[in-house]
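Below is a structure I'd like to ask you about.
Just so it is clear, A, B, C, D, E, F, G and H label the chains in written order, and each chain counts residues from 1 on its own.
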Amino acid sequence: MTITLRPGTTVMFTGDSITDSQRLESEDGLGFGYPLRIAGEWGFRHPDRPVTWLNTGIGGHKTMDLKVRWQTDVLDARPDVVSILVGVNDMGWHTIDPDGHVIPAEDFAAAYDRLLAPLAAAGTELILIEPFLLPISGSVQAGDTHVDEEIRKEWRADLDPKIQVVRDLARTYGAHLLAADGMFAELSAATGPEYWAADGVHPTPAGHAALAAAWLRLVE
Amino acid sequence: MTITLRPGTTVMFTGDSITDSQRLESEDGLGFGYPLRIAGEWGFRHPDRPVTWLNTGIGGHKTMDLKVRWQTDVLDARPDVVSILVGVNDMGWHTIDPDGHVIPAEDFAAAYDRLLAPLAAAGTELILIEPFLLPISGSVQAGDTHVDEEIRKEWRADLDPKIQVVRDLARTYGAHLLAADGMFAELSAATGPEYWAADGVHPTPAGHAALAAAWLRLVE
Amino acid sequence: MTITLRPGTTVMFTGDSITDSQRLESEDGLGFGYPLRIAGEWGFRHPDRPVTWLNTGIGGHKTMDLKVRWQTDVLDARPDVVSILVGVNDMGWHTIDPDGHVIPAEDFAAAYDRLLAPLAAAGTELILIEPFLLPISGSVQAGDTHVDEEIRKEWRADLDPKIQVVRDLARTYGAHLLAADGMFAELSAATGPEYWAADGVHPTPAGHAALAAAWLRLVE
Amino acid sequence: MTITLRPGTTVMFTGDSITDSQRLESEDGLGFGYPLRIAGEWGFRHPDRPVTWLNTGIGGHKTMDLKVRWQTDVLDARPDVVSILVGVNDMGWHTIDPDGHVIPAEDFAAAYDRLLAPLAAAGTELILIEPFLLPISGSVQAGDTHVDEEIRKEWRADLDPKIQVVRDLARTYGAHLLAADGMFAELSAATGPEYWAADGVHPTPAGHAALAAAWLRLVE
Amino acid sequence: MTITLRPGTTVMFTGDSITDSQRLESEDGLGFGYPLRIAGEWGFRHPDRPVTWLNTGIGGHKTMDLKVRWQTDVLDARPDVVSILVGVNDMGWHTIDPDGHVIPAEDFAAAYDRLLAPLAAAGTELILIEPFLLPISGSVQAGDTHVDEEIRKEWRADLDPKIQVVRDLARTYGAHLLAADGMFAELSAATGPEYWAADGVHPTPAGHAALAAAWLRLVE
Amino acid sequence: MTITLRPGTTVMFTGDSITDSQRLESEDGLGFGYPLRIAGEWGFRHPDRPVTWLNTGIGGHKTMDLKVRWQTDVLDARPDVVSILVGVNDMGWHTIDPDGHVIPAEDFAAAYDRLLAPLAAAGTELILIEPFLLPISGSVQAGDTHVDEEIRKEWRADLDPKIQVVRDLARTYGAHLLAADGMFAELSAATGPEYWAADGVHPTPAGHAALAAAWLRLVE
Amino acid sequence: MTITLRPGTTVMFTGDSITDSQRLESEDGLGFGYPLRIAGEWGFRHPDRPVTWLNTGIGGHKTMDLKVRWQTDVLDARPDVVSILVGVNDMGWHTIDPDGHVIPAEDFAAAYDRLLAPLAAAGTELILIEPFLLPISGSVQAGDTHVDEEIRKEWRADLDPKIQVVRDLARTYGAHLLAADGMFAELSAATGPEYWAADGVHPTPAGHAALAAAWLRLVE
Amino acid sequence: MTITLRPGTTVMFTGDSITDSQRLESEDGLGFGYPLRIAGEWGFRHPDRPVTWLNTGIGGHKTMDLKVRWQTDVLDARPDVVSILVGVNDMGWHTIDPDGHVIPAEDFAAAYDRLLAPLAAAGTELILIEPFLLPISGSVQAGDTHVDEEIRKEWRADLDPKIQVVRDLARTYGAHLLAADGMFAELSAATGPEYWAADGVHPTPAGHAALAAAWLRLVE
């Protein structure tokens, strides 16, 4: 029940800053996060099965931002596999939506659904990664925001229903699900969350390695 | 970083109906759920390391209900390891709290914390299992309640912060965490959630086996 | 020479209290004994091969009791595999037969044979589990009876020929045999019989786990 | 929980014809049965740990016959390990006891107990092999007797309580038990009992190999 | 390049006393040597591939003795595989040939060749075991003869060319060769030859186990 | 003969752009190349042995550039392990040295030696990675330079003696050597060099993965 | 992506003294170096796949010397696989070319190319082994030359471009490459180069074993 | 029961042409036979345990020739392990002994014994390799002699008692024995003897590899 990557397969990673990870500044366009690791590890292990790896994540993007650029950034590339990690910015992370309000889970669901529908129609294999927020404690600087316990609770209140949306959509579209939020919570119990994501959102190298290892278990 | 079960260790499972699983009607007092499986599998594999297994789960119980009976049901037994799975009833599951209101996450946290404090003080090993609700779709009968999409969303809105509370407490007390909510979501992507818990809450035999297998990875 | 369980296979466990194990009180109808474990373990390991597991054991039942309800409880379900564990109640366990006398081995054999004949005719795969009585010593409370050495000897005198009947029928019908009586005797040499069945008849969780493990070796 | 065979260990097999297996006619005095196989296999695998293997089985012997020659044949040899397989001749196998009557299980137990007591007192490791009778069907020639179904049932009625005696004594003396009767019944389900013991009592080479393999699992 | 033993294969062992090993006194007719072990081990490991094992070795026989009874004892049985171990009696072992003289290697070769020719013509698989004499030192009793160093040297002078004959015939007939003489010499370097064959000719149980293990590597 | 990384070890990677790989733009300061992969993979596999990973590579730097900032960038950090990859810019890569001339191998050796001497004196473990240039063919854009066959030959003429310098220094200082130039040549024979480094100098993700895998074999 | 050696394959090793290794004085004509080891190891492991091994290396030969005798020594033998190790004598090793000058890399490339062209046209599998010079230090006697640091540097300056030629040709002709120069440098870091080649050119037995092991990984 | 080769161990191979194998012409003095292979394979596998390998075999030498040069060639080197392969020239191989007669086995034994005595007294580990002659058929050129069946028989008649002498001495001195004659006979049954030694005496590369593999199993 894994996805087989044959020679010539095109795999696209898309989403927000966790996927982006400065891809525009990197020569190969993959950034320095989990997509880079997956591409490197696969490429090293399977030189006889070259895969085209694409990354169209953009930092700060919400699901609705993806929708705007979906045709040109994703559909036009005719990928065989699409891996999506989005949602943490639909949470109140940057506080204010471009249109001036926090995005309700229903809108998140509707927007996400519109991303998946044309891919499913085209027979594309789908991998949905849950958005995640690690249980950091105390007060940290996350992006532009100073985060204390109160803010973190608000964020979770916003994020949790969106995690449910991703799970529901995985069910609806027969996609593979990577339950990243629980994975990081469990890993954090032994080491503290800072080991895996210092600000609770952007993974450390070890955190990206954990994501990549879980992702690679879904393909062969 | 696993817990070693030596001959003569006393392990107590406690919580609500998922742990209880009709324990009072069963001869060995372990019920028919994951505690039974863990006790049986361990007992069969390690006859040279006999463990006393106790189950004090009670169906329908909330964290506050555990608090009331904590001294007599848990502390007095002087267990070496305590495994707790509670929270789904703190959610609006039976709608109305005995005291007449839904329990806020803060109260859940405070009550749960008071459970852990004396155990930690006594050097007891702790295993915290996240409360979970599987992404069932459509309309099902769960306990006394007819559950539709709307109700499920309300439940998740209530449950999700309590999952965070459990994760925070695991961090605070150095407990082992079993991230059951994400585990069941990931398993459900391939088979549907009904395969693991028909009503989204009470595991099927396969669901209890999944819980037991994850739990047994934490001990040796 | 094992039985292959394909997706959609229906497996029925039937017999007496060891199989029943309070199945009517359990939500999934499997009780808390070895059938539950087998269903759970298989379900967890093989989500791609879902099996329908049925349990129609009834506590206290003798072979003749099975015969009365065989058509409705077993044959009408058209199972692909039937696993039978019966005989300990045909022993003088509850002392008095409904018809007022201990059941002779010949009658046990005849009744058991009539259970198997229609299944064999329908091409059903058969697994026969020997009835067993563990070598408890001293005086214990077993069901309604206070058991001392004398009673245990009478019981064995009654049970042993019935174990032979099961072995003979396994040979006659090409069934798989699970030699549970010797298995428990051998396991008991190291730990004492109470570890596997406190009253010598009803397995502990470890005992049910041993039965389930032996049973699962017969299928794949 | 296995017995360690160190260089210089003396192991004695004793019992009846199954152990004897024409030992007096064989140059090494071990006969051609399971003791020979055990000695050969161990000797071949562990030339750095030479063991003295002794066989004092005598065909036709009952427990009481062993008692008569126990001091000279067993105790005087000061063995480190004693492995006993006896009981099938205490069954009505040769019909008439030298003293003119079938031996009751109580007498069998008392006689067997008197064999074990001095060994246990001397700290000798004990391996007790259950006497066994395979579920042959139809009419066969076993030793001097023409065996039909009726006779076989009488034999089982006599043998079964004696198997229980062996199990009880294993418990009492902390001996290792080899549950041979059930082992052969289970093996016979697939191939027929003749494959393992043509007359139901005396193993074929494959039957002796099965006994030897089970025995060798008890030592290291 | 091993021989496959399919269900229903007939394997015949033949030769002299090492093969015979009192087969006429044993119930299954296989004796207590390496043929018994091979039959037992194969039978225990492969109950789904029953093989008919025959032993027509006769103690004291020379190659010419085999020739006399070859049609009735070997060819008439139409074996699929024939395993021959002969030659130690063609050596001056019993000193005097029935016809009154030691058998020259040429006669041994001619007689052995006449054994193999009809089998090869019938497509029978052949296994030739080198005759062997272990490097015992000092003076031992072997069969009827008191053997000192002088006699042993005479024996070797007689045996060695016959070992060459067997090797040549294996080459000529495409038979499998079991180089037993060197195998026992190498094993003896560590333990002394008495460990494997007390009189240098007749294997101990460990010696027969070594032969059987080497033989079983030639089949599958 | 590997280096053991204990909890609390500080490992510093230093060198030029291949090590730098935009580290200043990355949040964790490791860049997106082989140091990132090593840190991530180690961190994920060994959460119980946290290591401090530092990267002070700077794009375009030559050995002499390292010397200038060695005290502040490397020695002051008191690393336990230092891994150096430098030399490709000492080659005529950017054509003109800041001081106006190509750097002779002798000067490269002297400068490199001065880097190692204080580390060796402090007992620091050393890993030296050979500078490498993959056998790209045709004309490619590498950094600021349009590279044709002629230029590539000049580069190799310059680089090769510097590779020898690194090997000599590894010998002199007892450092571990990673023979990267040959490794990439061998990998390139099957896939073409572009698969591992499009411009022959800067590895692709698969190339960085190959470096990281080779590096991780040197530690445990 | 390995070369399969089928029964009847002809493999030719050719080159200079490292390949030659006194082949004319050896009975089998393979010399005592890596070709001998490869032939022996393969022959021992795969007696069912006999290969014809040929060695036409001649000590002191340069690529141009091979060209002169290519038709008669290599092409006429119609080998299925040709393994070439040449180049160290094209280096200034014997100082003066027969035609009176050091051979430029271009001439080396042209001559080597003319060796490969007819083989590639005939579909021959090709294995190219890089010429190598180990980083010996101090002053050693290599062949007729007293080698100090200065000479070694001149040699490397000459050899390195020729290594590049071999890599380029491997790419051009789809040959397998054995990157021997880096392999020996890496091995030498731990033990010193003298362990693998006392004069830096001619391998010790351990060095030939390293070459043979690497070569055997290219075939199956 | 293997010999441990520690760093600094000196191992000496000695004997006749099979050991010699042109050692004087080889740079490392080991020849091209099994000593070379053993030294190379060990050196490659265990660079952390360097061993001094010496070869003092001389082609054509008999045991008595060894005796003459034993002090200077063997004892003076104070080896830790001595491996001897001698005897085929004591056979009538070169027909005429220097002293004008074939060497009787007794003299061979006496001479060989005098080689071993001082080594045993010094605590040297001993490995004795049986002299061997493969069962070549037809007429071949072996050394200076044209060998037909008749000659080969004479040779065997001479060689066989000398093989016994080696086995006896191995026993007497607690040496390790390598039973090469039988090993080659068994290997030859599948492939013909020419595959392992074309003239029946001097191994092919595959034959030397077989000897080396067997030898390496005696050390660790």
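Everything below uses one rule, namely that a contact is a pair of C-beta atoms (placed from the backbone, for glycine too) under 8 Å apart; a residue touches a chain by one contact, two chains touch by 3 or more.
This is a predicted model, so every value here is computed, not measured.
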{"item": "Intersection of the contact lists for subunit A and subunit G", "value": "F"}
{"item": "Minimal step count in the chain contact network, subunit D to subunit F", "value": "4"}
{"item": "Option in D-E, A-B or G-H whose residue-number contact pairs overlap C-D by over half", "value": "A-B"}
{"item": "Rounded Å distance between subunit E and subunit F, as computed from the means of their C-alpha atoms", "value": "68"}
{"item": "Between subunit B and subunit C, centroid-to-centroid distance (C-alpha), Å", "value": "32"}
{"item": "Centre-to-centre distance between subunit G and subunit F (centres being mean Cα positions), rounded to whole Å", "value": "29"}
{"item": "Interface hub residues of subunit F, defined as touching at least two other chains", "value": "1, 190"}
{"item": "Touch-based graph of the chains, sorted into line, ring, star, complete or other", "value": "ring"}
{"item": "Cyclic chain order when read starting with subunit A and heading to subunit F", "value": "A, F, G, H, E, D, C, B"}
{"item": "Touching residues on subunit B, where the partner in the complex is subunit A", "value": "1, 105, 130, 135, 137, 153, 156-157, 160-161, 163-164, 167-168, 170-172, 175-183, 185-186, 188-190, 192-193"}
{"item": "In the complex with subunit E, residue positions of subunit D that touch it", "value": "21-22, 25-28, 30-32, 36-37, 39-44, 47, 50, 53, 187, 190-191, 195, 202, 204-206, 208-210, 212-213"}
